[in-house]
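Just passing along the structure, written as structure tokens.
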């Protein structure tokens, strides 16, 4: 398959990323009339804070992952069936994320079910990080999928950075067993860290 | 119409595939607070297993079908109105799939309605396989839609493989009358088989 | 703006068409467990027939309209702000269509509210047909938006065909006041007629 | 990153705009059978007017913002990570808009909660206008992201026009504290004003 194949694969992936990121809002429930009788609409809107927290973390995570998917495909020149399947696995995890996000938002205020909700959410991100590595291995293992002009250091940087993902997200998930809020803060921090630190990887072009 | 017409048709189809595959998650219901009172959130999440089964099978099926749609359009160079209509029929079936998936997930735990749900699901996949053949016939029957450089063996391989589709999915659906689980296992197996065996078809480029 | 502007406008429009057409399925409700107790799941699925009717008619209509939008932009070479706004108006009607479709499906079985539901549905299609004409006038009125190489007969054919739209859909809507089923049959017939008769317009390329 | 990077960023953004604009319709609830018993379906459909008002204003706003995003990227030639993040912030606000739209539609008929709903809605548009400025600053502050051939007056016009945004939307939001209807009329007026006045900016090409 030619380079144009990468284009269509990227376009399809972009579509799934764009839809998953936009569907997140559907999980936030609109306060109905009766709910606002006693304390007013502002209070009802503020009571939705766990939904906003989930929205922001998941939006940031999917958004950054889109940027990374993007960065990764700068190195990939060809597509074979293994890569297609690895990419489908990644997209399946992305598409799944609105569900644990909604579970988290629903159960964050409840002390009893808060921990399983955060572990379920974090576990999804671990699978996410793993499938990112599977995709990268599928491309790198068959060296000819990567352009001959690929900067070896760039390839090593990606290998290292993505290799750290499952570990980082795994630890963030484990933290949820002790303190859910700390776990969520780490998730948001990881998204920002991946967002900012990636810059070096593009360094040669600046 | 020029080759660029194919591009726009493929982009539109990709959009429908991408949206249908992402909408699947909306059908999985978030466990509400009360449901988790007695047995906890983990149990409530585990009780959703039929939804996860449906999600994975439908995601794999749509994903593989996207790959195949993709492979098919490598041979198609021109678009006429019959092809547009055949493609619309295919997209209508794809867009429909989240519904039988949700029906299956809702009724899989219930011994009484499990069988009709699986037959309804399988029947949709049969229509799916048929409309794939209609699309291919619409392209092949008017030979000029296919590039003159099309590999005759590749064309024959697709004709044979897609021709098998309605039969295979039909048998998988019939199995549901005897055993629903065996039927679902065959559906998943068919998706994987289509995913892996297609490789030979791209062989000349490797 | 250059021709590439048309590309982005078409891509955005394709996105809205693709999403609206795929969202139609979300309006079909999954039969819940209790509903199937008495008569079984098959009966509950069959009772959804008005939803399937609405799904097929709206899918066909949006699909054919996408094809026509497509045909129309073969003539349009440039984009200005009036065209952008006319296109937004058209997209607003397309995006709205899942709502009257759901209203129709909900009220088709009820003899009392069947008629207003069909009139509401048909009225949306009238607005749809009008906004198609507004788009075409916006392009044709400023002749330079259309390529100098545009076939005059093709332009006339589109002008005539689209000019007939509001009238045809208006009559189909009026028929709903007498007989809802006849009205729906005409809607489906109009979609097919627009699908098949358009071929002459592309004739010079065959 | 090369110009093709802008292409993929624009395509992803277009996807999010297209999905957010199309999801608006999902927030309008279909009148159920019982609701139409007493006064009929027409009355029930008319009672949905706040939803239609919200639909039109939000559709117009997102649509015009898409046009502006579009106009803005005519000047942007390169993409760096800061721009990607600023764009994500903008998309996060766009994706969020269906929620305040639904809140507005739900509470517009209720004199008590109408004002907070309109302030919440307007506040989202203020954040929207701010994030548009952040995006523009991210592009302009690093001058090399903008093509060397960028028309200085065009750049100044955008800077001024977008700089006015937060102020205009802020005032429209403040008006909601006095009169909600006036505030909504201003929002619609702002969308139209941005739609029409932008023409001068493209003037050099006409």
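Going in written order, the chains are labelled A, B, C and D, and every chain counts its residues from 1.
By our rule, a contact is a pair of C-beta atoms (placed from the backbone, for glycine too) under 8 Å apart; a residue touches a chain by one contact, two chains touch by 3 or more.
Remember, it's a predicted structure, so these values are computed and weren't measured experimentally.
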| What chains do chain C and chain D have as common neighbours? | none
| Angle, in degrees to the nearest 5, of the Cα rotation that carries chain A onto chain D | 90
| request: For the copies chain B and chain C, give the interface type as same if over half of its residue numbers appear on both sides, and as different if under half do. | output: different
| message | Please tell me the distance, in whole Å, between the geometric centres of chain A and chain B computed from their C-alpha atoms. | response | 25
| Centroid distance [mean C-alpha coordinates] between chain D and chain B, Å | 36
| field | Touching two or more other chains - residues of chain C | value | 11, 15, 19, 23, 26
| What are all the touching pairs of chains? | A-B, A-D, B-C, C-D
| request: Within their complex, state which residues of chain A touch chain B. | output: 1, 8, 11-12, 15-16, 19-20, 23, 26-27, 80-81, 84-85, 88, 91-92, 95-96, 98-99, 102-103, 106-107, 110, 112-113, 116-117, 120
| note | chain A residues touching chain D in their complex are 10-11, 14-15, 17-19, 21-26, 28, 30-33, 36, 40-42, 45, 55-56, 59-60, 63-64, 66-67, 70, 195-196, 198-199, 202, 205-206
